[in-house]
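Next come two complexes, and both contain subunit A; in the first it sits with subunit B, in the second with subunit C.
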Partner chain A sequence: MTREDPVKHFFLWPAVLIVLVMAIFPLIYSLANSFMSLRLIPPRPARFVGLENYADLMVDDRFWQVVSTTSFIAFTSVTLQFVIGFAIALSLVKRVPGADFFRVSFLLPMLVAPVAVALVARQILNPTMGPLNQLTSFFGFSNLPFLTETKWALGSLIVVEIWQWTPLVILLLLAGLQSLPEDVYEAAELENASGWQQFWGITFPLMLPMSAAVYFIRVVESFKIIDTVFVMTGGGPGISTETLTLYAYQEGFKKFNLGYTSALSFMFLAVVLIISLVYLAILKPHLEKYK
Partner chain B sequence: MSVRDLKGGKRYWVLSACLVWLVFTLFPLYWVAITSLKSPVDVVGGPTYIPFVDFQPTLKAWKDLFSGARGGFFSTFWASTIVGLSASVIATLVGSMAAYALVRFPFKVRLASGIIFFIVAMGGYLLGSEVFGVNPAMASIVAFCVALALSIFLNRFALPGAVLGNDDIIFWFVSQRLFPPIVVAFALFLLYTEMGKLGFKMTDTYFGLTLAYVAFSLPIVVWLMRDFIAILPVDVEEAALVENVPSWRIFFGIVLPMARPGLIATFVITLAFVWNEFLFALFLTNSKWQTLPILVAGQNSQRGDEWWAISAAALVAIIPMVIIAGLLGRLMRSGLTIGAVK
Partner chain C sequence: MKRVLKQTSLAVAAVLAAPAVWAECSPDFSGVEITATTQTGPYIASALQNAAKGWEAQTCGKVKVVEFPWSELYPKIVTTLASGDDAFDVIAFAPAWAPDFTPYLSEMPASYQEGEDWQDIAPVYRESLMVWNGKVLSQTMDGDVHTYTYRIDLFEDEANKAGFKEKYGYDLAIPATWTEYLDIAEYFQDNVDGVWGTAEAFRRGGQQFWFLFSHAAAYTSHPDFPGSMFFDPDTMDAQINNPGWVKGLEEYIRASKLAPPSALNFSFGEVNAAFAGGQVAQSIGWGDTGVIAADPEQSKVAGSVGSAVLPSAREVYNYKTGEWDTFDEVLNTPFMAFGGWQAAVPEMSGKKDAAWDFISYLSSPEVSGEATVTGGTGVNPYRISHTTNMERWASIFSEREAKEYLGAQQASVTADNVALDMRLPAYFSYTEILEIELSKALSGDVTPQEALDTVAAGWNELTDDLGREEQLAAYRASMGLN
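Coming up: the complex of A and B.
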């Protein structure tokens, strides 16, 4: 039902205005700045330089390394989150004993502040005093460099991301799984289809559109990662775990290189948009197949 | 019992896998809780696991925290609470109004007027600050107002190009979540600083931070509330319309009370987002209105290996949200969040 009434503007406009002022206009302002050479330290008068900042970025090795680090963390952790989350959601919907208890406790991590998670992770991963070191020592590997060697540090960040965000995947997929029609499974049962066949023949295809959406949402969110990295490794060792947002923060807030940072954040936006478009293009034929 | 339920020995394999995940999920939380009760000796001497068995718990870290010996914890907690609550309340209310409007009334926005807004705002700002040498903040305000007025005015005319409807407006709201927040956070930091030069202090103020969080939460509120409002029955509203009840009273008197479960879920989700948010707080605050995540992150460099103190600080940020999780869990069991992801 839709109806006409001038009061509709009174309902919609506050939200639109707030988003225009606080999100769209800063975006425009940032885009304008990205075409300028603007530095606070050392102070330099603003100068219009066109695409120079973007050209500098394209040849900035650090930028490309940061893009690849961020993509690696995002895609690896989200893929694992998705696989684990799907398995857990499936076992909850199939009423594993104690499902109600699991359902509540499995959700906890996503409500914990990422900075707090990172601090706890630092304690657990401490190479001499942490509990994980005690466990690995038991198997004969002591004092592993969990946060101080690139490969280990990336792995640790990914595990922390999995810990924190698999709950969200569980929550979303569970809602989808619960709404699947029961009669299809009853029919499959009459045909003596095995559990494995039922999964690949019914559950997976029916869940594909939703899975695609959940995966997409998580990848986009994962690209924004800063707080966990900021606390756990600070981008180190060196810059090997630095993510896009952290790099932008360093450039903007530590070096006050304003024009460059604005260009950097726009390139970040471009990276996310390109990944989204490629993702949708890859997925489209599959989604249509199951329609 | 449904046909999809697990049968026979498989149940126990799945159960043990779930138990492994449960240990993985709960151990860090258990660890931070017991570490906050340890004395320095018990931390440095290697890992200890069970209170009263391999270490003697003490409340020292908590006493230090509450006595304020370690800096202004109360003021930070207060700042986090008041900013979190007010931003969530405002965002839920304003977002629900927008969602209601988008569900019940038709809107038409011409793509061309949106593009005009973009060009005029950006061109006006560049022109003002570069060519006429106006203060950047003043140039922004003028460019914004002119662009908005012009695009609203031009929207009345039959401009060429696509006409956007309600679904497109919702997509426009939601797409804000796609943007990396650093773009907006950094620009807001610059704009707030420029506003400060004009005499309106925005950085490190209640107003500045809350406004940023309201804008940051609106996309998700509109998205969630759209579904919650769309499933409400329309006949009550229609009956009220026949009685000539004005729309604003229908909304506040009928729609909001009916959508209460959805409102609560949305409010809780928004509160959790704002409470844990790091990036905006990092850019927009520096002392008075600093929030808990910033303070907690700072513990790391200030305290080194004083894990008992760090853990207590981390728990102050964690515990309120765990209580919230209890509330959300209860809501979930009644199946309310299902509507949210359709």
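Coming up: the complex of A and C.
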């Protein structure tokens, strides 16, 4: 069979069609809906409204607040996950006693479903029956409003995110650390470089591409947070812990405002895309430097 | 030969037995299969399934129960009805959705709207929640009204009685007014170790707004102006920021301070746990609280579970005059929170006779009565007979508990001034605006008046967006004003 053989179409087109139907069609369908006024409650015939849904979103205070809240949760939790994860990965890469046990036990949280984690966290943070508040009460502190005051609630969500997803960061960074060349460190040893100098001079630069990828993946994933927030705070108090996906859920599945929800989904995509592009643009010179 | 004889004998036996089989099918729906849909079980779905078994044995028909998750149920039913599809013969749905479904529902046959069983349905359901523009379009299959629950042991403790009287100047008893309710909450909060004053749902997305409605109903459901609690029934202007509502919200916030420290995160499930766990002296909510708290396997206070109608008030805000009207007696104003699941038959169903017969069987005094005491069905009393058959409830409650529980249920649904829940197209859009502001008011970010002013503005804007005339017509129909 040559490149010009028409039989190639027989093999190519089914694959192209499957990709179109399974991947592209839902996106196009959703995009088309975003240009419509499409409400199931009360049931109304679909009506083309052009960019009206997007224009409404741009002036929707609640949309910008959830963008801000989601960004805060995502960047704060991922930054801390990265710092803690890097530190633990560095300690695990060394031949310390019990390293295998710690590797397995550190990975356990990420194997639990986020909803289950959120339920456990909600119980632990319960002001009357939760062990954490019982402990603080024992030391004379009053019950802390972990889930019912904005600052505490945001902090609690971030802590739960860190607890659950730091293991993934550890796993990926550990793989990166184990692949670093030994001879560079041996040379550094010969030059009497301290541990700190080895970290900043060798480990960190060599790990930068891997670190950038890990941070990027986690930020994108964190922007999708919904289950933890839904279970722990329901987005409250008010809408102070509401995230983009939870907002989309409320619009789509409680109010059945499908046109607006589709526009919201594409705006979500735009927000993540813009953040990604900015992130990569900032990082590009550093990555080039250590290539 | 032996085989021929055997076959002949079987055939004769079958012919002889046939009339008996036919006699068992009453009415005979042999070969008829109806499809019923509701939310994913066990709640409500298991009530349908249990009734289906009995109906199938009685009529020789078949019932297929199709369940959808709560979030999927509304769009599934509404798209089916709007497209004229006959996929469902029976739909079991939340009453708030009624405004969107009623154009597509068949009227209950007149033969079911008479007799003792019909009169046995509590009037608020029979005359209001099942009726739309003068036609009976659905059958209540679950009763939902807020009632009051209290700890008998704490209320009858001599030290508490004396201490309460000394501090407040009147006897410790079931509260008749919300003011007394808050006094009682404050007393137990301050004077009894390990017991908080009350428990209500305060969590956004955790049924919180129904608890506010219960407080506000006492001050805003004016007996001379039925249907004016949420909106002006002439103009559809939101009433939710009037002084009656503000007073209701202030007391609801006060209740949150007299509840366990975690109460801002309470949904109704936590209210039940707090009461059954012996953490609180009293609570308000649906009938589930009493049933759960009376069960020794789930409760630390079994045997001490008292029930009563909701507290109320002597003063009600008159939205026409802008004044408070005072009554000689406390005006009993229970609130029909949620209102109870409804079962209906779509006009497009090709098996309406069988479908209505199944609904009649499902809601018959015997079948529904058993459902009210069967765990997991989610069915609360809605017939008078549900609240008078003490024998049936003896398996759950002590005699006193049963008497108070059933008395509270009956007195609530038969009260003259019982307040109906809001039922409007885009119900969740309205309640979401409220929930957001309610959370802010509960956490002290805004004052009650500011919160309710924002809600009123949001509701009016939403009403205009959805079409004021259409919303007004639906609101009036839902309040039985047409």
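Points worth noting:
The working rule: the second predicted complex is superposed on the first by the 266 of 291 C-alpha atoms of A that agree within 3 Å, B and C clash if a C-alpha of one lies under 4 Å from a C-alpha of the other, contacts with A are read in each partner's own complex, and residues count from 1 in each chain.
As a working rule, a contact is a pair of C-beta atoms (placed from the backbone, for glycine too) under 8 Å apart; a residue touches a chain by one contact, two chains touch by 3 or more.
Here the structure is a predicted model, which is why all the values come from computation and not from measurement.
In the superposition on chain A, A:Phe253 contacts both subunit B and subunit C. Contact with subunit C, but none with subunit B, is seen for A:Thr150 once the two complexes are overlaid on the shared chain. Judged by the touch definition given at the top, the superposed model places A:Gly235 against subunit C, while subunit B stays out of reach. Greater residue coverage of subunit A by touch, when subunit B is weighed against subunit C, goes to B. Residue contacts after overlaying the shared chain place A:Pro131 against subunit B, while subunit C stays out of touching range. Common to the subunit B and subunit C interfaces on subunit A are residues 122, 129-130, 133, 253.
Against subunit C, in their complex, subunit A makes its touches with residues 39-43, 122, 126-130, 133, 143, 145, 147-150, 233-239, 250, 253-257. By the touch rule above, subunit A contacts subunit B in their complex via residues 1-5, 7-8, 10-12, 14-16, 18-23, 25-33, 35, 46, 48, 84, 87-88, 91, 93-98, 100, 102-109, 111-124, 129-131, 133-134, 163, 167, 171-172, 175-176, 178-179, 182, 185-186, 189, 195, 210, 220, 223-224, 226-227, 230-231, 244-245, 248-249, 252-253, 258, 261-262, 265-266, 268-269, 272-273, 276.
Put simply, subunit B touches subunit A in their complex at residues 2-6, 10-11, 14-15, 17-18, 21-22, 24-29, 31-32, 35, 43-44, 46-47, 49, 94-95, 97-98, 100-102, 104-107, 118, 121-122, 125-126, 129-130, 140, 144, 148, 169, 173, 176-184, 186-191, 211-212, 214-216, 218-219, 222, 234, 237-238, 241, 246-248, 251, 272, 275-276, 278-279, 282-283, 292-293, 296-297, 299-300, 305, 307, 310-311, 314-315, 317-318, 321-322, 324-326, 328-329, 332-333, 335, 337-338, 340-341.
Against subunit A, in their complex, subunit C makes its touches with residues 71, 74-75, 78-79, 82, 99-100, 203-206, 260-262, 264-265, 279, 425-429, 432, 436-437, 439-440, 442-443, 445, 466, 470.
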